[in-house]
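Below is one structure. I have some questions about it.
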Amino acid sequence: MKQPIDVSDAVAMIPNGATIMVGGFMGVGTPDQLLSEMVRQRKHNLTLIANDTARPAVGIGKLIDAGTITKSIVSHIGTNPETQRQMIAEEQDVELAPQGTLAERVRAGGYGLGGVLTPTAIGTVAAEGKQVIDVDGESFLLERPLKADFALIKAQQADYYGNLQYRLTAQNFNPLMAMAATTVIVEVDEMLPVGCITPDQVHTPGVLIDYIVKSGVLA
Amino acid sequence: MKQPIDVSDAVAMIPNGATIMVGGFMGVGTPDQLLSEMVRQRKHNLTLIANDTARPAVGIGKLIDAGTITKSIVSHIGTNPETQRQMIAEEQDVELAPQGTLAERVRAGGYGLGGVLTPTAIGTVAAEGKQVIDVDGESFLLERPLKADFALIKAQQADYYGNLQYRLTAQNFNPLMAMAATTVIVEVDEMLPVGCITPDQVHTPGVLIDYIVKSGVLA
Amino acid sequence: MNIKQRIAQRVAQEITPGSLVNLGIGLPTLVAQHVPVEANVFFQSENGVIGIGGFPEGMENPSLTDAGGGYIGALPGAAAFDSAFSFGLIRGGHLDMTVLGGLQVDEQGHLANWIIPGKMVPGMGGAMDLVCGARQVIVAMTHTAKGNAKILQELTLPKTSDRCVDLIVTDLAVIKPCDQGLILLEVAPEVSVDEVLAATEAKLIVEHPVKVMAL
Amino acid sequence: MNIKQRIAQRVAQEITPGSLVNLGIGLPTLVAQHVPVEANVFFQSENGVIGIGGFPEGMENPSLTDAGGGYIGALPGAAAFDSAFSFGLIRGGHLDMTVLGGLQVDEQGHLANWIIPGKMVPGMGGAMDLVCGARQVIVAMTHTAKGNAKILQELTLPKTSDRCVDLIVTDLAVIKPCDQGLILLEVAPEVSVDEVLAATEAKLIVEHPVKVMAL
């Protein structure tokens, strides 16, 4: 049984210097309350793995605004001028990764695979310094798996075992990150009694979830 | 719009010598009617990719009994003495693959990845002749992606766009194979109007499905 | 009709009924408006949905957006999924077509559309996977930017992929990269071949007579 | 209590409440019967479900089976998934324990359990992934087969994995592989240390006093 815990207690577990994965795509499917609390607790020196940095003041943008992130692995920062500014000012080390490659790298980390062999980015600057592996005459980039100390993810519903359901495009990287971090904290809109999500509707099994925080409690 | 077609028409498309993937685990989640029709149409010289060969007269066991398979890539044949007999008699070339590796190889084929880097089977006879890749000091086997000419899969429900829902442990290899074959034929128990499966409950999007056959029509 | 709608309309003519199509953010998004509902085209958004369509106005949901973060509608029969599956569709060759914006295209058909080093660093997002994996890649862009040619002999910006695009549709022309180079297939109404050549730095192969875009 | 139930009962004592456990087909399946419901252990079956439990009798469904193809029950809160995800749990280190049957174990703790070349070729099924990926691997088997030792100095059958198992539980003893070799931790009630040594071809390290299995 997993009772939701206080958002401040959840965030207090995350040490400065940690590597965090944060779910979401342009702020959609992002654990907003957890991120606000990260800022309130003045976390710093974090490594971020996420699809994008949303916009200033929105979702992951809040972490950027507050200068909590010193390194990030993301696929897109075009909607956040502050991330670009920090990158150019060398306040933040930004590693750009193709979105599909990023998704597979996170998955590989969580699935115990040694890496990803993808044709994407071959011949581009994003392939620089990376090993090319020949498989039956075709070339593939070897991309490293990604893991994190903490995954901060967002789901619509959890039951009290932590079984999760995501909603529409708010799913995105969340189920992948739930597999790839040592400690997984999920922010949910609604708690359901165990048994109210049928086995075929569970997107992420509760055994992967360490802590649950309920959204809207502070709103 | 995809109207179900006759099982004999569906199977008639599969030429002798084809490589087929067949969903199911010990006969559960296997497209039974398609397989019976394969036998009736006396298909032969097929390459099979599947988790197992079930039992004689059950599921994929029917294909084995009828001598339709000359090569198979499977993880387990222990429950089918006829497969073992054909293997020892060299009537069938059986390649045994670890189940998790097999699943990832099928997925890699469908996802456009160059292969799978797994720690599984390193140091065993199942690793013989395979390349070992070092990634940051750890060793991983490079396992080849798998693709097929046809995937014969089973779902519980389809809508008329081909969106699929699987049931409990009848899911197994089916969604992976739906991505990995040139032509995908699904056998379903029930057809639903488009819109009756919500977007979050679709296990396999209809764009991947080429033909639908309804089960029980001949029963 | 403005320039962008004109490009979008011409691109729409390339779409096969019943196919699976991904539209990049910005100009390419407009293409959907020019595809008749009867064509039953399935639009994917790489953030995790097939079946974009209809108008979200009055039915907005914060958990249903496109890759640009804007609200979208979903048609009956839509399907949602995670990012790994979404790019499995793209990389695995299941996507019939992608329509992307472009900063530059070179004489072989290589696209640059994800970075202006030192100036604008949006990141590649899904672009590298889309160009690498889609069966057909169409670039939809204005022919020039602030008077400068965007179709060049050689790229000055980092390329998006080794894979060459299949078609370039601009406000002035439709151009097809092939082994011999860039073939000028069509010009826009009231635009001359010479005007297109003047606005293009790359060599264009002109096989007369060049058709006029049907808009 | 018969021999197999005795082994299963002893294995059950190793299971931590709330953990995720995979039980191999055959003998290991019996372990679940000895784990109290209050322990809230999550049992996975690699064909795609977490939450096996209860008795299926009278509620059988052909789409809900274990890896041996037998009907199972599912507890409230169960989750179903595909084979790639199932082995992601296993290979990715999310599985706390697997209990597997064995044909042979060697002095280092290597397991052989998937093939008798030329004689019985079941295939490895999920065994290689399970031994490679589970955090803890327990072998549950009879100590001997037809009077022949199964715990050997060296395997005569092909090994299942380079990874050594964490514990061996038989009808005669509990043995722990470690860097120094195989340590005899416990003997079954009414079984002497000498009897265990006689039934074991591998060298066993005996650190007196050896405990008696609490059954």
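Chains here go by letter, A, B, C and D, matching the order in which they are written, and residues are numbered from 1 within each.
Throughout what follows, a residue touches a chain if its C-beta (ideal position, glycine included) is under 8 Å from a C-beta of that chain, and two chains touch if they have at least 3 such contacts.
From a predicted model like this one, the values you see are computed outputs, not experimental measurements.
Colleague: So which chains are sitting against subunit A and subunit C at once?
Modeller: B
Colleague: Considering only mean CA positions as chain centres, point out the chain farthest from subunit C.
Modeller: Looking at centroid distances, D is the chain farthest away.
Colleague: B-D versus A-D: which has more C-beta pairs touching?
Modeller: Of A-D and B-D, more C-beta pairs in contact link B-D.
Colleague: Hey, how far is the Cα centre of subunit C from the one of subunit D, in Å?
Modeller: Centres of subunit C and subunit D (C-alpha means) sit 55 Å apart.
Colleague: So, what's the distance in Å between the C-alpha centres of subunit C and subunit B?
Modeller: Distance between chain centres: 35 Å.
Colleague: Distance from the CA centroid of subunit B to that of subunit D, rounded to the nearest Å?
Modeller: Roughly 29 Å separates the two chain centres.
Colleague: If a residue has to touch 2 or more other chains to count, which residues of subunit C qualify?
Modeller: Counting only residues that touch two or more other chains, subunit C contributes 49, 74, 80-81, 84, 87-88, 90-91, 133.
Colleague: Hunt down the residues of subunit B that sit against at least two other chains at once, touch-wise.
Modeller: Subunit B, residues with two or more chain partners: 104, 107, 111-113, 118-119, 166-168, 171, 199-200.
Colleague: Give the pairs of chains that touch; include all such pairs.
Modeller: Contacting pairs: A-B, A-C, A-D, B-C, B-D.
Colleague: Any idea which subunit A residues touch subunit C in the complex?
Modeller: So the residues of subunit A touching subunit C come out as 25-29, 51-52, 54-55, 74-79, 84, 87-88, 94, 96-104, 106-107, 118-126, 156, 166-176.
Colleague: What does subunit C use to touch subunit B in their complex?
Modeller: My answer: residues 20, 40, 42, 49-51, 74, 76-81, 84, 87-94, 133.
Colleague: Going by the contact rule at the top, pick out the subunit D residues touching subunit B in the complex.
Modeller: Per the stated touch rule, the residues are 45-49, 61-69, 74, 80-84, 86-88, 90-91, 118, 120-129, 132-133, 158-162.
Colleague: Quick check on the complex: what are the subunit B residues that touch subunit C?
Modeller: It comes out as residues 1, 107, 109-113, 159, 161, 163, 179, 194-195, 197, 199-200, 202, 205-208.
Colleague: Can you list the subunit B residues touching subunit A in their complex?
Modeller: 104, 108, 111-119, 133, 135-136, 138, 140, 142, 144-145, 165-168, 171, 199-201, 203
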